[in-house]
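Some structures are shown below for you to check.
Both of the next two complexes hold chain A, though its partner changes from chain B to chain C.
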Partner chain A sequence: MNTLQEQFTAEARELVQQALEDLIALEREGSAGERIDRVFRAFHTLKGSAGILDLPVMGLTMHAAEDVLAAIQTGGLELTPQVIDCALACLDLVSEWVDSFASHGSFPSDAAEAGVAVTAQLRGLLVGDELKPNLSVSSANLTSEHALPQWVAPLIDVARGRIGQKRGTKFVALSYEPRADCFFHGDDPLQTMRKVPNLCALHIEAVRPWPPLPELDPYSCNLRFQCIAAASRSELAGIFRLVPDQVRMVDIPASALIREGETGDDSRLVLVCSIVEEQLRMLRSATDREDFSGRVGSAARAAMNALRYGSRVSLSDEIERARDIALSLLEATPLLAALEKALALLGRTERVPSGSAPEPKPQPSDRAGSRSLRVDEGKIDALGNLAGELIVLKNALAYLAKRVEDESVGQDLSRAVKREADAMERLSAELHAAILQLRLVPISQVFRRFPRLVRDMAQRLDKKVTLVMQGETTEADKTIVDRLFDPLLHLVRNALDHGIESSEERRSAGKPEIGTITMRASPAGRRFIVEVSDDGRGIDPNNIRLKAAERKLLPAEELAAMPDEQAMDLIFSAGFSTTQQVSDISGRGVGMDVVRTSVQQIEGRVSLTSTVGLGTAVRLELPANIAMSQVMVVEAGGQLFGIPMDAVTETIRLAPDRISQIKNNTGFVLRDRIVPICALSGLMNLADAPRSDSAAKLLVVTEVGGKIAALEIDAIHDRLEVVLKPMQGLLSGARGYAGTTLLGNGRVLLVLDLKEVLP
Partner chain B sequence: MSALRNSEGTVVLVGHCPVEDAETLLQLLQASAGAHLDWTQCSSLHTAVLQVVLAMRPALTGPCGDPFVAKWLS
Partner chain C sequence: MTQSEKASSAIRMQVLIVDDSALIRLYFRQALEGAGFEVEQAINGIEAMEKVLAEMFDLAIVDVNMPKMDGLSFIRKLRRNGSDVAALPILMVTTEAGQKDIEEARAAGANFYLVKPISETDLVRYVAALAGVGA
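This part shows the complex of A and B:
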């Protein structure tokens, strides 16, 4: 993909998203001029980009959407849910196309058909008012055109391209055949034709074949004038009042001109013109000499394709010639001239935005508004990796500083080294923090997709629901925010499908008819919390127990003894479903275990609370950053291991008498909970270091996935902030490790994945 | 007189071209077969003049100076 295409995909996605939000807001809050303007501009810009990139289908579709929105702007069309549905469908199509364009460099093969379907739908909205929505447009067209005299047909073709804003008026076709001696009566038929108002097409032809040149009589009129005008018969009769015997008039049904014009030639011509205009604008606005040939080449190509698409092959050829000249002269003027000429011949003068200011330059105020820079994620990652290396180096320096201190090479030197090492530590930490900041994005990036989804799902389920979003400005690492979408989608679907009751059910329960789903994000130290809650029917823990027993997840007696919270937690078990019916929204409820798994993958935790009759809340607790993690370096069996600090709840030195033997295992009681003890050296298949049984044991108490365990180790070394590198190459399949990092002395530290390690 | 031939042999229509110009134009074009016609400076023309142009089909230089003709007869 070249820069232009990359920019197009990024911009198109943003525009689609923004238009989508505005449309949903419009539906919720009613028509607001500013919003409609914004949606209109989004479609307009999309159309423009489609023109530049030579994507006629998209241009055509966007043009239709633009027309619909223009009709809403002017009050000609009401903003009904149907209109919104149509516009949303159109946006869906665009994002589909853009996705395909981004991955394959082209639109999907069915783009044309899909585009035509959506365009017809949009056009249908417009036609709806004046003409009955007519499914057989072409047949209606045929009959009306058949009734017209033959000479009218070519005129109609010309007129379609020029009808412009003259919609809704009457059209008359007129044929004027002046008498041969008319010049002697002082007639100037051309002058008469000039008086015809709203001329849409004019054709002048010889009545009889021209005689051989020497015999040509310049004062014998041999011309016939034919035209179509958006005027009434009486207006025209007034103009031709002196020659009524030489004039024939035929009414043209608007449908013959507009209906086909709307779906075909008219929009085609408009599209061709707008594409050519766009090229002019682009060529004019470019000032730098860089990439001159690329710019001229692409402008010419887009214009040529557009013209060919509009069956103006000769114009296209002219553009091609002009391009070659422009390229050889290294000067865009010839191409500009050719484009201008093409526009003029297409019957269009270039549209200059009102106020006669030429091209509105990107507004400076906009620029000041968001002083942001779009940077490829990969570049930031590269920067992050470099900072990671720096931190490794810093750790090495700290280690060196310690050695210098120990080896008493002189206090001054050791102090100096220590000072520099400290400074290095501070700076590298700041650098790393700054890079992490770069990766932070507001959670709204994922939240913003939900209003649309909730709207559609609610429609399908026939439920009434408002979606409340709070704390969207909470920031977290992009990777995490991106990966939140799926789990959140499951949760919102479940809330809507299983949580929120039908309107009748809610009414009889004395609840407000419209349900509420709340998505709330809030920062919590180094982590952040996202909560999805609903005010629906809630979950009865006894139901969960029943289902779990049905599905034989656990023995009945164990279930009965289980506290409610623990029973609720079963909802996250694989293969658990509480819904009676299978629906296409949340399927069989298999979502919840997927939620837990995917949240755990990003080091998050899920919990659920629910009150019967009042609603359910699912709480996700997630790390705000993943790039940096804290590990505790421990020694077991003569080796060093890292344990992620997230998993460590405390470290304990335990006297042997507190340890009790339970069957083959050992354990101890910690605040009324039995904690099993596992020797890390045993888990890692290492030889135990010899130690006396009477010595206190050093334990790291960990809690992973709700399970508590104590790891017996030989020593605790450091706590380090490290950048974890995932296991690579041959080791990528090794289980039990979360990754590796380099220690200050250059040794590799294996960081354990306790979920895998603990039995 | 607003139909004339310039030094390069091109037939030129200048300003308003009334009905009488039709004959002059016809003669000029007949006299020099293959002559170009420059009608860019013609501000308006009579039907008879236009008829000569349509019948003779000389090679035309530029769009017609008469905007109505330029618009509908290009």
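This part shows the complex of A and C:
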């Protein structure tokens, strides 16, 4: 993609998103002027962009949407849900087109049909508005005499040399893009093109880049024909009557084809005349005298410039004198006279249209701009990797500093090295923190997609609900925010589908008819919390037990004995779904287990609380950053391992008499909880170091996914802050490891993934 | 574009592009810089006003529909400025082709009016003429 295309996709996506949000807000709040204006402008800008990139389908569709919005602005049309639906559908379509454009460089093959359908829908909203008929015709109408689509320009360059002085002839530029499956419709594009009379320029190109020969599908047409013909539109329309949807035509003004050089002065003269003429009209359109000097001055300057451009310096000088007189007399007449004279000398008389439009009120203005910079994610990652390397270097330096200290090379030197190492540690920590800051994005980036989704889902389920969002400014690492969408979508769907009752049900329960779903984010130290709650029917733990028994997740007696809290937790088990019937929204079979898994993948935790009749709240606790992790370095079976600190709850030196044998396993009681003990060396299949049973055992108590366990180890070394590198190459399939990091002495430290290591 | 339409590098013409669409600005800038113009940009009427008061321009290319201060308001304000700046030639560009829109631009004091999409060749020709690039 060239820069223009990149700019287009980025800008279009932003506009679509903004318009989406505004439309949803409009539906909620009614048509407040400023929002409507902004939506209108979004469509307007999209239309303009479509023009630049020569995407007539999009131009037409946007034009229709813009007309609808304009009708709402002026009060001619009411902003009904139907209108909003239509506008949203239109935006969806644009999104789809832009995505296709971004990945393939072109719109999807059905773009024209889809565009026509949405355009018709939009036009249908405008009662009394004359339906704009066909694609090709109206796209041509949109372009004025001076403005031709980009693809025409190279054709004109070719045609110019061949036409000579044939005046009074009509020229039409035509672009014919046969459908890929045209051969199966009996079309013969070459034969059709041969019928075009009086060809002045012809260009044939591939629509998409040609694939390598083995992949080439010879039955699929990949050609685009473009030409200029000295023929009438109707004549050409006859030739292409079977494929009107694949053809675009644009009238070419003869002036555009006049050969420069021979008649170049002529075409330049036409341009100069049109500018001078326009200054006359502009002067006559004055509505008051306040802008007199600006109007007279600029008209004179534009006319003088144009005349100089047309090499009529003496005429230009005359205009200048007339301007000075007009300005001193405070009367435009002398300038008008001079302009008319100039026009007459240029060989043209001017036709004057009369009447001028009323002046709209100037808009109040304010100034606000965010000082933000858009940076490619990859660049920040590169910076992050560099900082990671720096931290490794810092660890190495700390190690050296320690050795210098041990080897007593002199106190001064060792102290100096230590000081520098400390300074480097501080700096690298600050650098890393600054980079993490760069990666922070507000949670609103994911929240903002929900109003639309909730609206559509509620409509389909025929439920009434308000979505409340709080704490959208809470920030977290981009990777995490990006990955939050799926779990949140599940939760919101569940809340809407299973939580919120139907209006009747709510009325009879004495609740407000409109349900509320709340999405709330809040920072919590180095982590943050996202909560999705509803004021719906809540979850009955007994229903969960029933369901679990039905699904044979656990034996009935075990379920009956289970405390409510634990029973609720079963919701997160794989294959559990409380839906009574298959619904369009949540489907079946995929449930909360997906939420838990995807949240755990980003080192988060899920918990659920619910009260029957009052509602349900699901709480996600997530790390705000993932780029850096704290690990505890431990030794077991003569090897070093890293244990992620967020899994470690405490370390204990345990006297042997507190250890009890439970079946084949050992365990101990810690604050009324039974904690099983596993030897890390055993888990890692390493030989145990000989150890007397009477010695106290060193244990690291860990809690992962709600399960508590103690790892028996031989020694605890440092705590380190490390940048975890995922396992690569041959090791990428190794289970049980979260990643690796480099230690100060250059050795590789394997960091354990306790979820997989613990039995 | 013929050689004479290229602005001579000795006196480079200064053109101000006023448009809220970064895409349009980019498109115009590429076309005009390619033809030897010097280009400045503004994203709305307010910013444009600041720029024209701070710097000398030979021409402003102004979009009609912009947030904060639209093109028409900008032109009206500029023409009433009282200083030499008020006489800055303005080329209005828009996607509207209606007679009413053209008349509105004229009444506001625009010197010429082009309808998007505009080919690069046309843009450069009109800008050269309105800014007074000598033959």
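The definition used in the following text is that the second predicted complex is superposed on the first by the 517 of 759 C-alpha atoms of A that agree within 3 Å, B and C clash if a C-alpha of one lies under 4 Å from a C-alpha of the other, contacts with A are read in each partner's own complex, and residues count from 1 in each chain.
As a working rule, a contact is a pair of C-beta atoms (placed from the backbone, for glycine too) under 8 Å apart; a residue touches a chain by one contact, two chains touch by 3 or more.
Because the structure is predicted, anything quoted here is derived from the model rather than measured.
Contacts of A:S100 after superposition on the shared chain: neither chain B nor chain C is touched. The partner that reaches more residues of chain A, of the two candidates chain B and chain C, is C.
With both structures placed on the common chain, the touch criterion links A:S232 to neither chain B nor chain C. Using the contact criterion defined above for the overlaid structures, shared-chain residue A:P189 touches chain B, although it does not reach chain C. Of the two partner chains placed by superposition, only chain B is touched by A:I204; chain C is not.
Applying the stated contact rule after C-alpha superposition, one finds that A:S285 touches chain C and leaves chain B untouched. Applying the stated contact rule after C-alpha superposition, one finds that A:S573 touches neither chain B nor chain C.
When the two complexes are superposed on chain A, none of the residues of chain A touches both chain B and chain C. Across the interface of their complex, chain B is touched by residues 178, 183, 187-191, 193-194, 199, 202, 204, 206, 210, 213-214, 216, 218-219, 221-223, 345, 347 of chain A. Those residues of chain A lying in contact with chain C across their complex are 3-4, 7-8, 11, 37-38, 41, 44-45, 47-49, 51-52, 54, 63, 141-144, 146-150, 152-153, 260, 264, 268, 271-272, 275, 278-279, 281-282, 285-287, 290-291, 293-302, 304-306, 308-311, 355-357, 359-360, 362-363, 365-367. Residues of chain C touching chain A in their complex: 2, 20-24, 26-27, 30, 45-46, 58, 63, 65-70, 72-73, 76-82, 84, 86-90, 95, 97, 100, 103-104, 106-122, 125-126, 128-135. Listing the residues of chain B that touch chain A in their complex gives 19, 22-23, 25-26, 30, 45-48, 50-52, 54-56, 68-69, 71-74.
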